[in-house]
Every structure is written in C-alpha cells, then in structure tokens.
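Alright, structures below, take your time with them.
Here chain A shows up in two complexes: once beside chain B, once beside chain C.
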Partner chain A sequence: MLLKKRSFLAGAATAAAMTALSTGAAFAQDDVTKVGFVYVGPINDGGWTQHHHESAMKMVEEIGSDKVELVYQENVPEGPDAERAMTQMALNGADIIFSTSFGYMDPTVNVAAKFPDVKFEHATGYKTGDNMAAYSARFYEGRAVQGTIAGHMTESNVIGYIASVPIPEVVRGINSAYLHAKKVNPDVEFKIIWLYTWMDPAKEADAARTLIEQGADVILQHTDSTAPLAAAQEAGGVIGFGQAGDMAEYAPSPRVSSIIDNWAPYYIERVEAVMDGTWESHNVWEGIDTGMVGIGEITEVVPEDVKAEALEIKDAIASGEYHPFTGPINKQDGSVWLEEGEVADDGTLAGMMFYVEGIEGSVPQ
Partner chain B sequence: MIFLEKRPQPSKTLSYITPVLAVLITMVAGGLLFAILGKDPVAAIRIIFWDPLFGEFAFYYRPQLLVKGGPLILIALGLSLGFKAGIWNIGAEGQYIMGAIAGAGVALALYPLEAWWIFPLMILAGALGGWAWAMIPALLKVKFGTNEILVSLMLVYVAENFLSAMAIGAMKNPEGFGFPGSRNLQQYPSAHNTEIIAGSGMHWGVAAAFIAAILAYVLLNRHLLGFQIRLTGEAPRAARFSGVKPARLVLFCMGTAGALAGLAGMFEVAGPAGQITTGFNVGYGFTAIIVAFLGRLHPIGIVLAGLLMALTYIGGEAAQSALQLPAAAIQVFQGMLLFFLLAVDVLTNFRIRITLGETA
Partner chain C sequence: MDFSAINPALLIASLMVAATAVMIAAIGELITEKAGVLNLGVEGMMITGAVCGFAVAVGTGSPFLGFLAAAGGGAVLSFLFAVLTQFALANQVASGLALTLFGLGLSSLIGQNYVGIRPPPTPRLDFGPLSDLPVVGPILFNHDPMVYAGLILVALTWAFLKYTRAGLILKAVGENHDAAHALGYKVIRIRILAILFGGACAGLGGAYISLIRVPQWTEGMTGGVGWIALALVVFASWKPWRVLLGAYLFGGVTVLQLNLQAAGVAIPAEYLSMSPYLITIVVLVLMSFDRSGAPASLGRTFHASQ
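Coming up: the complex of A and B.
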C-alpha cells in the first residue's frame, strides 16, 4: 500500500527508481496525513498568500498537529518550478497538495497525472481530473457589498480600480462593484488601471497615486499588497478596502471595510475527507454563505445608514435571496445580457470577459 | 602589518581554486545563517548539496539539474563572449523572452499541423528572435555610441510587457475560457521539446547547451575571432593596432549572446514551461550573469557553474519544504556565493604579504 501510494509513473520509472521509492516509504510515518501547500508569494504578503497560509495553519490547529503535517513552499514561480515543488512534496509523501495560484494549473495537471494516489487541489482554475479538484470563491459577492459602500462614499463620483490580471475573476469583480455603486449613485464613474500582476507594491502604489490624481476618492483594488491603502492615507481624504486580508492596520480610514478570503473551512473539510478516504474530485465555487468570502468590519467612517444597507445586501446574498448579477443588465455595447429578473448562470460568469454597460475602456485582450 | 601586493600576473592556480573556496565559505556562512534561524545547519547543507545528487530521490533531482541548468549554461556562454571583450549585455532576460515568443509564435501559427520541420523552424525563429532583440542595443552602440548596459537592460522591461500582451492577447489559448496563457506546447507533438531520452531531463535545449560549450571552447582557443575577443578584453589598444574592428566585435558578441538566450527561451517554452504566460520568465537571464562569472568566463567553467547554480536552486527548494526555511534565506544563500567569489578573487590578483616590524 505504501508503495502504491507513491507510485511515480514518470516516463522512466526505472527499477532503480522504484527501489529508491520503496525504501523511502519505510521512513514515512503513515498515521500522519501530510499536506502540501504551494504559494505564489511570500507567506507574509499581507494578502493572498498570507491568507492561504493562515487558513492552512488553522486547518492544522483544528485537526491537530499530531494528525496532520504541513509542508509548504513560498515564492514559487508559475511554470516548471511549480511542477518541481509539487513533485518534491509528492515524492516526500504528501497525501494532498494545494496549489494556490491560477498559473499553477497546467503544472498541477502534469504532476497529478504522475501521482494518481495523491490528491491535488488547484485554486481558481478550471481544469480538474480524477485526483485533481478545483476550488474558488465567489469574490464578486463581496464586490457587491464593496460597490454599495463605494457608491455612497464617493464625493467626486470617481472610483479608481486597480485591476490585476485580466481573467474572468477580476472582470467579474469590476462588473459587480460597478453595478452596485451605480445602483446607489447613478453619476458614478470607474477608472481602471490594469497592472498584469497580482502583487507588486511599487506598481500598486503608482497606480493608486495616478487614480487619485485623476480625481478618484475611493480606491478599489484586486491586487494583494497594502500599498494602495498607504497611498490613500498619504493623499488624505481617500478611502479604500482591504483585499484578500482584512488589512485592519489601515482602519478605520482609509480602510473602511475589506473582502477577506477565508479558506480554512474548505481546507479542513478537504483534508478530513482525505483522512476518511471520502475525498472526491470536484469544481466548487463558494461565497459569502459558507464563509469563504468574508466582509471585514465596516468602520465608523461609513455612515450608519450606508453600513446598514451594505450589511443588508450581504445578508441577502448569504441567504440566497439576492444574486449580484440580476437583470436587467446590458453589456458594454448596449446589447441585452440579462433580462429583467434574470440571474446570471455560473457558466457565463466563469468565462466573463466583457464589461457591463457604463464602464469605459475595454478588457485587455 | 598585512599588505596586499598586486601580482604581476593573475595566479592561474588560484583562479581555479577560488570558485571552490567560495563554495566552501558559502557553506560555512550559510550554515551559520541557517543556525541563527534555528534550523539544523548540517541538515540544511546536506539537503541543498548532497541529497539532490545522492539522496533517496536523486533519480528525480538529477534530471532536474539539467532542466534548470540548461538554459543558464546556454545564456551564460553567450554572455561570456561579450564579457571577455568588455561588452556588457545585461539584457539576456529580454532576449530570452523574445526568443520564446518567436519560437512559440511559429508553433501557435501552425497549430494543429503536424510536420517534422516545425520544431527546427521554431529553433531558427527562437534564435532569430533573441538575436534581433540584442541587435537593438548593439546597433545603437555601434552607430550612436549609446551605453549597451542601459539599453539592453531597459529592453528587458519592454520585452516583459510584450510578453504580457502576447499572453493575454494574440497568443491567448482560444480554448482557455478567457484566461491568459497560450496553448500548452507540451500537448502539440510537433512543437514539443521532448526529452531525448525519457526521464533523463536531457531535452534538446540541454543538448544545445553542451554543443554550444564545445563550440565556444573551439572559438576561443582555435579561432582568430576568439583571439580578437580575448585581446580586446585584455588590451583594447593593442587589439585596435592589430586590426580588430570594435564595431564588428560588438555586433558579433551581442548577436551571439542574443541568439543563445533566444534559443534558451524557445527550448524552455516548448519544453518544461509549455506555455507563453505572463510570468514565463523567472530570471534565467540575470542569474546567467552570475553563472558566467562563477565559471570564469570559460566554457567548461560555465557548464560546471550552471550545474552548481541549478543545484543551489533545487536543493534550496528542497530545504524550503523539508525544513521550512524561508525562501528569502535561500536567496541570501545564493547571493553569498557570488559575494564570496568576488571577495576571494582578490587572492587571484593580489598576494597577501605579512611583514614584521616597522618598515615605515
């Protein structure tokens, strides 16, 4: 069984290699489940990677460090290096490996094919396999709450948006924030800067300053560092939101609320599934309802009535009573996307690469 | 009193010994660093230097050394020619990117056609792409006397932006649900840079690196052009008197470096990486500069240095996941290697003299 678990079906599964594997297996303690995490950034980035890591540690704490062992590697470039990082973990006896960036998708597919008995979980992608699941969060639900607050709070009616990489997830976020800001403030205008990176504090700060110079007094960000909030603080009179993490060190202002990624419940559930042998591949998308998308505390800088309205939307989304993409919604060119009362289906949302009516500019492609 | 006395001739013996010495000092200083971080220094050094070569999973790591070292060697060989002649191409990273884009461009344009000539055509395109990108700083230097260090470096950023534009635009996978990144060339048999012997890590790019090392050796030791390169670096005035045309040399050195970097990029995108993505380049072009100097700008030295550098990467990653060492500690460790090499290099050019008594 030990051997089977680590059967390494590489092109050259030579006899020597197999011997090495079987002797290697003798060293592994198999009552402990080994969980691997591959991170795209440093574990203290204050955003995306930090929250995956904190969730991973919470998972260990919850299940018990006598039952699970966490191994991770940070700052792993997307591509062949990620493939090596995962192979290394699998060779060293990992039972389940979480690869936490979109760019790890094809490398994960490759490694998953070589280790059929190790489970793989890839975040924010679309490819799955027998031993490879995909998971992501409905961040656009959080954007609806954020857009509502932003629309009320802006005085210049210009909202700046620091966009990261042009993939559907980011485009959905922009659309959702815009629709809800527009709903409470018809004069609102979005200025969007694309950075083509998930995290680069220097570029993020530059983008924030540029947007502020262009009149934005609310900055929304889909990048992971706190640099935009620092720029907002420096400029004064500008507010922003925490992204991926709570970024509470900038509360009560400029950070007035945040969208928090909370992966811990998912990680606990999936690792426990591996332990009971009930793990199955799937492609899930969870939102405010399961807690995967959290809304950070709305600070006192936001007037009571605005806060109440934002929380109302949050509750309505959580209960399933309201969907952030409910018609009538037109596409940017004016053509009808959703009829009155119609709700967007997950397929369209998954591949959403168009702006809704009212947003200027075009999605880079 | 301790004096440093300049040697009339750099010591040949020491120039071979210093790289080894630098590695040893790095191990000691690195071990100290790991100990301060609360990790077992002996275990860390063993995981970095020993396990990938002789440990239980060496069958996996050894091929990976070639995969990681191949592009480093190929790029460093090209750079070393220019460095020998005092021509500083710092932009290999950009040339690497452009080679990859040109090579992948050929494949993506022809997809899904299957033919034997596609891969050779991609090799040609890759070399041309890198060459053309290097020609920009080379021509500007020859025609207008611009500084090739600045121009080639700046062109890296241009190339990175071009890469992003390609990954989300022209080369985006039409079946990729709107996500950035091209089709995966690993799934396109005619374009896939496969391993020559399965499981060996020896893909065509690694073979090209070894061939390039031999050619570079022959060029430098048996060819007039190689002599001119060395002469220009060691005695520029003498070189000019003996009829070396500096402009021709700049074009040759920059062009060769660009073409080799382009080839490295092309082999990488068609093989281990598989895709044009926004994060395709991971710094091989810059690391190759360290490799070139660590290898003493000598083809055989570069092959060894490239493999050593690959070892610190692969072993470093292993140490990260085995001991939970921070990634930054591994980077510091790699930085130490170059730092100590430069430091002990003093011994090659200077002699330490200890004199007793006052000699005022």
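Coming up: the complex of A and C.
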C-alpha cells in the first residue's frame, strides 16, 4: 500500500511538472517554430516513412532552418508508445506535431487533449479536434492507375496483392485496383495476403514469393519495403509497383510505375499557418489533383498504348471528370453499392471495410 | 478457394528457406545454453550479423565473404556479452537484453549507407540434372548453400553433444559448473567459446535474411526472428533435432498460411497469421512432456572463488 501511495505521489509530481513544462513551452515558442514528426518506420525505409521525412526536410528547407526546427522519432510502435513519444515532443516545446500513421489516431487524440496549445496533425485517420487536424491522400486514385496497368500487363491473369493492416485505406486500394484491372481485363483474378504489418521485409518477401508460386505475374503491395520488388526481380518475368516512394532503384523492371506520396506542400502550408497564427483544425483528403498523390514514371516495359491509357485515367482523375468509384459497382455479396453513374461519397469511402464484387475472401475485421 | 494453386513441392522448398535463419540462430543459442549461459541478445547479434554480412558482401562482391563477416560480427558482439557476464559477472538476462538493444542501434548505424543497395546474388548449388527431377528436385536439390549448411550444422551439433568428449564437458559445465570446475575444467573459457559460437550462428542466421531471403538491407529487418529462436530452444527441450523440427514447423506454417491466404481459404486471415506461433508452441510443448529439462546451471553466474 505504501508503495502504491508513493507511486501515486510520484505520478502527481510528474503531472505537476508536466503542466509547468508545457506552460513553459508555450512561452518559449516565439523565435523558432518547433515541428515534431512521429514515424512508424525508419527514415530510410525507402517508402512511407522516408517520404514523410523527405517532405519534412523539404518543408524546413523551404521555410528556412533559422525559422523552424525539426524533431522526429523513428520506429514508434502504433499504440501507447506513440502517446509517450508525442507527449515527450510536446513537453520539449513542439508547436506542431505530425503523427504519420493510422494507428496513432487515438494516441494523438489523447495527447492533443492534454496540450491544448500545441497543434496536432494526424495522417490517414478520421478523428479531429480543436487542435487536431486530419490529413490524408486519396491513394485509391493512384491504385486506379496501377490497376489499369496491372490488368493489361498480366499474362497469367493472376494479380497478387500484399495487403498490410486491415483498415479502410488498404481495402479502398484493393477495391480500386481490382475494379480497374477488371475493367481492362475481365478474366483477372486477385490473390490477397494480409501481413498485419506495415513493414517486415522477410514477411513481405515470403508473401511475394508465395504469390508468384501461385501464378501471379503482377505484384501490388501496400507494405513499405522494397522486398517484394526484390522477390519479383529474382523470380523474373514478374512486375510490381513502388509503394509510397518511387523505388526507382528497381526500374525499369520489375518496378514499372509507382505511387509517390508528396506531403511537402501540405507540410509547408500547415507549418506556415502555425507561424502566422492562422492554423485551424480541418480534415482534408487530397489526391492526384493537388499532387499529394503522384504517379511515378511508367517505364518502357509497359507498352505505349497501355501507358497512354493509364495516363489518360490519371488526367481524368486529376481534372475531376472521373472518380475511381463510379457505379455500377456491387458489393462482394452481389448487393448494389453504387447505381449506374453514381459516385461514392467520401463518408462511405472513409469507412470502406468491404470488398467489391469479384474479389474472393473476406476483409479481416 | 483453389487448392490446386498450391504446389506442395514448392511449398516444402520455401518452408526450408523460411526456416533456415531461425534454425541456425537457435542452434547457436542451444550450444550457449547447454554451457549454462542464457544470452537473450540473439536478435541483436542476428541483426548485427545481417548488416556486417551485407556490407562485406556488397564491398567485396562475394556472398561467401559476407557470411564469414556476419559470423565474425555476431561473434564480436557476443564477446561483449561474454566479457560482461563471465568477467564482470553481470546479470545475464539484463546483459542479453542490452545486447539486443545495442545490436539494433549499432546495425542501423552501420547500415545507413547500405539502404537501397542490392547485394551480390548467392548462387544456388548446382546439382546438374538432379535439380530438374520432379518433386524431389525443387525440395532437395535446388537450394542455396546455406540451407544445406544449416542442416549439416544441426547434425554436427547433435553428434558433438552426444558422441564427443568436448560435448560432454560442455554439458557438464552447463549442468553443474562447480563440479566441472572441481574436475579441472575451465568453466569460464568453455562458456566464452560457447557464447562466441552462439554469436557466430546468430550472425549467420541474420545474414541469411539480408543476403538471401529478402535480399536487401533495411533497419530492423530481422523482425523478431531472434526471439523466435530463443523460444524454439526452450520448447525444443535443448535438443538439436527438435530445434530442426520446430524451425521447419514454424517456417512451414508460416509459408502455408501465406499460401492458404493467397488461395482464398475461408479461414479468417487473422487466425492464419497467428497460426505459426501457436502451432509451433503447441506441438513442441506436447513433445516436451518427457522430463528433459533445462541445463541445471542455466543463467547462473560462475566465479571460481565461490
């Protein structure tokens, strides 16, 4: 009991110290804006985290390193650890903190409530607050372009998909890629493997090999490392796409194109807003049109006409005249989701946890 | 659901590849623990081996030298553990955990310039026409050298522990270091050698991941395999053949669950994902009902004056 009382006292002391520190932090923010980033992987993963980090460094370069200071922490597990990392950053005087993975959503909500003077930006989630904004990219627009290329390029009509964690973003990507592959190649079949991780090169390599053994000659991936591309290269005659980053070191084949996340313009805009005092919470979802989702160069392995078709879709999406989820689309069980000509609304897309008709298997819940 | 898409021969061939890294690391740890030392730093030694092997293979263009360097890297790191626990008499559990953390950090430091680089390919052993045999060809005669090296290592370890005098001495040190010391055996020296062997094996296992199985360098790429190796040794009741069985079971269920997922089997993916861990533990626990326990001096500090 004594021990418990002691630890309670210690906890209370820490809490008091935290309040003191955070008010101190608020006073110290006049000269240099401190920007914190929380990353789920290492900054040189070649994919997701690397591009967040590169965008962050571009932001510093653009605004000037005399005006902003970048602090970041890599390899932060999704969950309570993230809360600790963000609390630490806030205590150390960060003015705005970007948490860059879906699993940081609830930790960000919690930490944001504790530090009302600090701005929080959470990537790929849907929860917001007075001092917490959400931002995400419409990766499914890029998946539509990938699906088109994949559908044309497959000769075995089997496309392998390495899925990461069962959240709407990943399911949207699968659906979008499938619909567009199916559109150009009605015989196409998707084989999907869930890995329950954003990055584990050994697992990703095993998954890619399994898919190739089962006849896939196109591999799409939603995991962050280049291991699937390495496996595709080893197998020969198999193509894949860069994920989150360009992964150009595997071009022109097996990497025939890529989805590139370009967060820099957004980061510049938001950090400048903090500096001007004009920062407001919002929930944005940008796509190919603003450049947040980029399509990496389509290499010469892809025939000219296929490339032209893919770019056409890209342009149509960018100009707003085409939405990747345009009816008629049925759900997996055959029920109607979108009527002819109907376009999916963002609310449904944000919570999309179902497959469209034609995809086998079930979405893990 | 389409089971015909799963080719059993290819499945077995890939399970051998998936099992090799954890098997080599576990055999090393088995020898270490047989000598009475609990080294929880397997993960750290593996990842250090992975990056050392990768760096040297890229630098020299020779995967063979890479593996040699990996074994060296793992052994050097384990020597740190040996100094801490055998000379400074530090706590083995704490030192081992520290070794893992240190290894992870050190490897990402060394590996910074090696991200995105492709290592030289490791050639498969050429068995000529044997490799083209149906079924047997892909399973037995179409692997990289390390798969065979791993199997030979298991056999040698088994023979060493069972038939050689040195093996008996090693076990004696692990069972009762005071008695071994009284008989005039150099307990500390033997334990250091066992620790170094464990480190070298962990390094080899790590390099197998970075040079063959993936092959590329990424921070933290061993992804917890070292912990699986540690668990395997315990669940295998410190018996080399059971380590082999456990590793193949683990690799097998890992590859099988990927295959089942890809084939669209109606079992939910979350159950399939946990199956390798679950099944391996259940089988090995059931098997360890015979009374073969841990080495009696496992994890205990030895000093000649005590």
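Basically, the second predicted complex is superposed on the first by the 337 of 365 C-alpha atoms of A that agree within 3 Å, B and C clash if a C-alpha of one lies under 4 Å from a C-alpha of the other, contacts with A are read in each partner's own complex, and residues count from 1 in each chain.
The criterion applied here is as follows: a residue touches a chain if its C-beta (ideal position, glycine included) is under 8 Å from a C-beta of that chain, and two chains touch if they have at least 3 such contacts.
Computed from a prediction, not measured in an experiment: that's the story for all the values here.
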Chain C versus chain B on the shared chain A, clash or fit after superposition: clash
Which of chain B and chain C A:A202 touches, first, second, both or neither: second
Touching partner for A:G103 - first (chain B), second (chain C), both, neither: first
Touched partner set for A:N75, first chain B, second chain C, both or neither: both
First (chain B), second (chain C), both or neither touched by A:P42: both
Which superposed partner A:I192 touches (first chain B, second chain C, both, neither): second
First (chain B), second (chain C), both or neither touched by A:T148: neither
Of the stretches 4-12, 76-84, 112-120 or 130-138 belonging to chain C, the one that collides with chain B: 76-84
Chain B and chain C footprints on chain A, overlapping residues: 42, 75, 166, 196-197, 364-365
List of chain A residues in touch with chain B within their complex: 8, 10-14, 16-17, 20, 23-24, 36, 42, 71-81, 83-85, 87-89, 91-92, 102-103, 106, 110, 125-126, 165-168, 171, 196-197, 350-353, 364-365
Chain A residues within the chain C interface of the complex: 41-42, 44-46, 75, 160, 166, 191-197, 199-203, 205-207, 209-211, 213-216, 225-227, 230, 234, 249, 360-362, 364-365
Residues of chain C touching chain A in the complex: 1, 5-7, 10-11, 14, 18, 21, 108, 112, 115-116, 118, 121, 209, 213-216, 218-223, 225, 254-255, 258-259, 261-264, 266, 268-270, 273
Touching residues (chain side chain B, partner chain A) in the complex: 56-60, 64, 67, 161, 164, 168-169, 172, 177-181, 184, 186, 195, 197-200, 268, 272-275, 277-280, 282, 314, 317-318, 320-322, 324, 326-328
